[in-house]
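What follows is a pair of complexes built around chain A, which joins chain B in one and chain C in the other.
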Partner chain A sequence: MESLKQKAKELLEAGEIKAVLGYARGTSDTRRPHVAMSALEVDKLVADQACTTNLANLLMKHEIKHLGKLAVVASRPSTLRSLLQLTAEHQVADGAILALVPAEGGVKQLGTAQAFEEHLALVPQKKTEKDQALLDRLKAMPRAERFAFWQKEFSRCMKCYACRNSCPMCYCERCTMDCNRPQWVPVPSHAVGNQEYHLVRAMHLAGRCVECGECGRACPVGIPVHLLTFFAEDSVRAQFGQGGGASATIDNALSTFRPDDKETFIR
Partner chain B sequence: MSRIGVFTCHCGENIAGTVDCPKVAELTRQIPGVVHSVDYKYMCSDPGQTLIKEAIKEHKLDGVVVAACSPRMHEPTFRKAAAEAGVNPYLCEMANLREHCSWVHEKNEATTQKAADLVRIMVEKVKHDTPLTPIKVPVTKTALVVGGGIAGIQTALDIANAGHQVVLVEKSPSIGGHMSQLSETFPTLDCSQCILTPRMVEAAQHPNIKLMTYSEVEKVDGFIGNFKVTVRKKAKKVDEKACTGCGLCVTKCPNKKIPDEFNEGLAFRPAIYVPFPQAVPNKPTIDTANCTYFKNGKCGVCSKVCPTGAIRYDQEDELITMDIGAIVMATGFKLMQTDKFPEYGYGKYKDVIDGMQFERLASASGPTAGVIKRPSDGKEPETVVFIACSGSRDRAKGVPYCSKICCMYTAKHTMLYKHKVHHGQAYVFYMDIRSAGKDYDEFVRRAIEEDEAKYIRGRVSRIYEEDGKLIVKGADTLMNGEPVEIKADMVVLATAVQSQDRSEDLAQTLHISYDKYGFFAEAHPKLRPVETNTAGIFLAGACQAPRDIPETVAQGSAAGAKVAALFSQDELTREPIVAVVNRQAPPLFSTCTGCFLCQTACPYQAIEQEEIKDRSGRVIKTVAKVNPGLCQGCGTCVAFCRTKAIDLAGFSNEQLFAELMTL
Partner chain C sequence: MAERYKLTQDALSALFEALAKDGRRILAPTDADGRTELNAVTSPDQVSKQYLQTILSAKETVFPKVERLLSYTTEGGKVDLKDAQPHALPTVLFGVRPCEAGAFKALDAVFNWDSRDKFFNARLEKLAIIGVSCTSADEACFCTSAGGGPGDTQGSDILLTPVQGGYLAEILTPRGEAIQALAPQFFQAGATEDKEAVLAKVEKAFDREALTAKLPGMFENPVWKQQSLRCIGCGACAFVCPTCVCFDIQEEADPKKGERLRLWDSCGFSLFTLHASGHNPREVQSARWRQRIYHKFAYYPERYQQYGCVGCGKCTRACPADMNLKEHLVEAAQAQ
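Entry: the complex of A and B
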């Protein structure tokens, strides 16, 4: 932790960055995002096991974007994966954001997409055991049963959009859900509207999801919404051999037209 | 409130047979916004159109729905009528009561109700329609012809004679193609080169034709009338301007043991070569893969002997980009590799050759000066077996289609052989004789009756060598499958016609479709045989399917006529049905977030990046922009855009929503 603070101070003093986006102590044992722009604020930074939020989500916020060059504390691989995917989607220029990765006996400073990729090769992202178990269970279910499972889960949804707001890939300035001319997806949280919302969200993230699981953690009623996108991501990986957050240079699997696509799935 | 007119057509009995048209008119009259609704027997007829035009004026209509057939059939007709009466043509829509309703349903109440619903949908669409103006694009009056065989030469000459510029691109060092390799042509037995070479020279000397030999199309961007084509001019390592074509380098080149492609490997050529004596342009090319200088840096004889100093070892490939208005593909065919037939012993026995090699043996310009000699020992073959359908119509090992030309050229081969070797005997193994064409069947009969070729209906199972003879074992299916064994001196395989190597890559470069055999696909097999599905790109000759010379020339001229028709106008009108990325007031500027996933989704490269800048020139936002000249209105980007920042003019999100919600 000390080396992280020291590194942050050095970078700020040298003027290489304008701010560090990291974690600070929140109420009770929680950790909350923290923007440090001075040595004094850097001292509040925390780096431990409780720092689970994917900070990449905040990087896309207007207020943070305008601070200038940033360093972000990437204590989890998903933050780096988010940065890679955001670079692939032209939201972050390669090299515009530094990543500070707390590591054994110090802190690692990564500056480019290539460095992120190399680091990620060393620390692969793993799903939690609980998530993996539920995902396997879902995959084993017959279609009708799976549909019923989600219908039941969605019935609790109150459309607070916390899952959307916590997602690093949901950076659109105007979300389709807020589009009311025309209003394709109904606003109220009734059965049809909820289902439409979650299906649209899953489709919009298929092939782009970095699997940080932030959406599931954000849900106030405990719907495992992250498994919808995990499921979609697994399907894309199985079909196309690539998924979200793996590289800053690969074209998106679902949206890329290739004249040599064999289209064998059309029969 | 809109003032929409609904015009329901009976289409004779086509619609009125199952749909109660007066009832549809009555029901649709009650839709809010509809002020006039009538039915008529034939809306597309002259009185029908007059009825629409007069109603527009009388009722001051600001939108029209014609409930009739498919918009593919008559949309232009009715839009024109609406425009003549002063309504923007894109405020006229068609409800498809024929294909979508009357033809597919029984006559009953529900069918009429569905017809009324289809009209209701289109009324909603018209309410949300915006007036559109067609996009005008200029036409570059230069054509690109890819391939310098007889198809390409004919096309180029026809376009050039119509007064337009043509660039003729050929990948090998000379134009002429397969036809220049042939000895005589069926069904007249006139000398192939004698009729071809004047055309080659004409093409080379035509003031409107720019010849680019030893060149290949690298990249094609743009659209009809406005293609941007990049051609790779491969380095010949010879300065074409300085070279006089004296041929001294060719005679002095010490490396003379390279199999000659023009003679199908039956002779040799040097490393610096002119493919054949009548080549156009008649200037040499260095084959760098076989040249001693390029292999180990020594030699340089050609450079030393050249009287004009035209040899350029340091010459590099050149990339030339051109503005082109129309493209004609005339890339021709290749013959199937004979190594697919080990049972025929090709490659193992020197005297088993393919049809093109026989052409070279029979040609006066060939390696034997037209004397039939077998490749192994140069002896005159006294018995020759011709095997038709070597690979054609063979689902198991070859291609399932008929190569079309083999029956005719095999008959020709037997005649050429008999005319040169009077005591010789030709045998032909065949499956069926396909000789449809002017004077074609008479030609085959002549081969059998006058030149005494023995035709055996059956397949050959095996060929092997014994005592210097090739033993051909087969069956005669007209004699109850009785085994046949012929002791032959030479065997000629009429191998299948296939698409050129890399034709699929080329098709992808040009964004044209191709079939599973790699032949380029025409837009319609009967009614648009020389056009491709990509506007402005046409087809000529055997790159589309196996063809003989008369057909190829006819198609070349047809493609030329299509290009000339295209070039007869100065401007092209394009449908304004294109995608548009929205623009909004600051600070949003556009709901586009600039993820540019639409850019990879667009099959036409129509999406560009646009920087929105403030007054001081600082970039505020980078968003997508659609080039209306390139956009084909397919809507792929619209479907993919997560923020719905893209809309298709004439098919907007709001329109589709309104159409659905009215049901």
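Entry: the complex of A and C
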């Protein structure tokens, strides 16, 4: 933690960056996102196991993006995966954001997509046991039972959009959900409105989800909404042999068109 | 001070039966798939044993997340318009905390401000509240800074305080008396247990009135921007809030029929104040966050002579970015 603070101060003092996006102490032993622009604010940085938020989401926030060159504390591999995917989607320029990865006895400074990829090769992406167990259970369910499961979960949804707003890949300036001329998806959080929202989101993220699980963690009513995109991601991986967050130079599986596509309907 | 009675755990079961016999639905905190939610119950055994609060507030019982206001059909140029009628069931809200019981007053201030809202009133008229005092609190709680307290009686028709062998019952309103009258034998008069001794200790964190006096002078204070840098602009805080009352009106229609719906809205959304022209008077998240604070602690007292926050802390617990309202209000109170 001290080396992280040290590094952050050096970078700020040298003028290499304008701010560090990291973690600070939050309510009841939790950790919260923290923006440090001065040595005083750097001293509040924390790096430990409790730092679970994927900070890449905030890097896309207007007010933070415009602070100037940023360093992000990438305690979680998914933050780097997000940066790779955002680079692949031309939302972040390669080299624009510095990643500080707390490591054994120090801090690793990564500045390019290639460095992110090399680091990620050392830390394999793995779902939590709880997520994997529920995902397996869902996959094993007959379709009608699975549909009933999601209908019950969606009935709790109130469309607060915490899932969307916490997602690093939901960076659209104007989300389809917020378009009202025409209104594509019903706004109310009734059965149809909720279902359409979650299915549109899952489809939009298929092949792009970095599997950080942030959406599920953000949900105030505990809907395991991340499993929808995990499920979609597994399908894309099985069909196309690629997934979100793996590389900065990848074409999205579901939105790339080539004359030699194996599907005839597309040509 | 209302007279205090003793209500044993067995007597509570019998009271639930008496309420059901009287045709009332009982809503209480339950453990549903690891989540504390308000659900219909028939016995105290179904009530969550260990809960601080429900995730969502009890405002749903009078202000549902989606409500139909009217519907219509059109045929041959003729419009048949039907006003919706509120579907209000006689309901007893059991086990809500004193902070939330006190929140209905803030909802009432808006729904009965310039016109009387028939949907809200139809439900409120059929609602009785059996609150339960808090014997524990967490870091998000700040009721004592918001004019309440862990054993506050405001808003409850009956307030129960857990004591050895059952509850201490305070009958506070005619609605409470009507419930007592359903089963008077279960309320033992002359209870002597010390209520204050079992209540949670919630220290006062800031002076609410001083903050209200200060807010008009700190509209441009950098504190709002600092606090809201990590806010992701979702509606979790507003939707779980027992006093947040803002709603949207949506029309769902096709050429033959349609309906008009009222739904929860949030000042945290960028769309909330977006004008048709494209101009947004609250362009950035800091302006929206400031609005949330000002609405509750400046505009509410100015307009309704009461506050729009009861210090329940639900927003803090629900926030994905850990926007801790108590902490941020203390910061505002101390800001230069």
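Going forward, the second predicted complex is superposed on the first by the 263 of 267 C-alpha atoms of A that agree within 3 Å, B and C clash if a C-alpha of one lies under 4 Å from a C-alpha of the other, contacts with A are read in each partner's own complex, and residues count from 1 in each chain.
By our rule, contacts are C-beta pairs under 8 Å (C-beta built on N, C-alpha and C of every residue); 3 or more make two chains touch, one makes a residue touch a chain.
Keep in mind the model is a prediction, meaning the values are calculated, not measured.
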item	value
Partner chain in contact with A:Q91 - chain B first, chain C second, else both or neither	first
Chain B versus chain C as contact partner of A:N165, first or second or both or neither	second
Touching partner for A:V35 - first (chain B), second (chain C), both, neither	second
Chain B versus chain C as contact partner of A:G26, first or second or both or neither	second
Superposed model, chain A: greater residue contact from chain B or chain C	C
First, second, both or neither for A:F257, with chain B first and chain C second	first
First, second, both or neither for A:A218, with chain B first and chain C second	second
Chain B partner contacts - residues on chain A that touch it in the complex	89-91, 171-176, 179, 181-184, 204, 251-252, 255-257, 259-260
Complex contacts: residues of chain A adjacent to chain C	26-28, 30, 32-35, 53, 57-58, 61-64, 156, 158-162, 164-166, 178, 186-190, 214, 217-218, 220-222
Chain A-facing residues of chain C, complex	33-35, 37, 55-56, 65-66, 138-140, 225, 228-230, 232-236, 238-240, 248, 250, 252, 261, 263-264, 266, 269-271, 284-286, 316, 318, 320-322, 324, 327
Complex contact set, residues of chain B against chain A	504, 508, 511, 588, 591, 593-598, 600-603, 622, 636, 640, 642-644, 653-654, 657-658
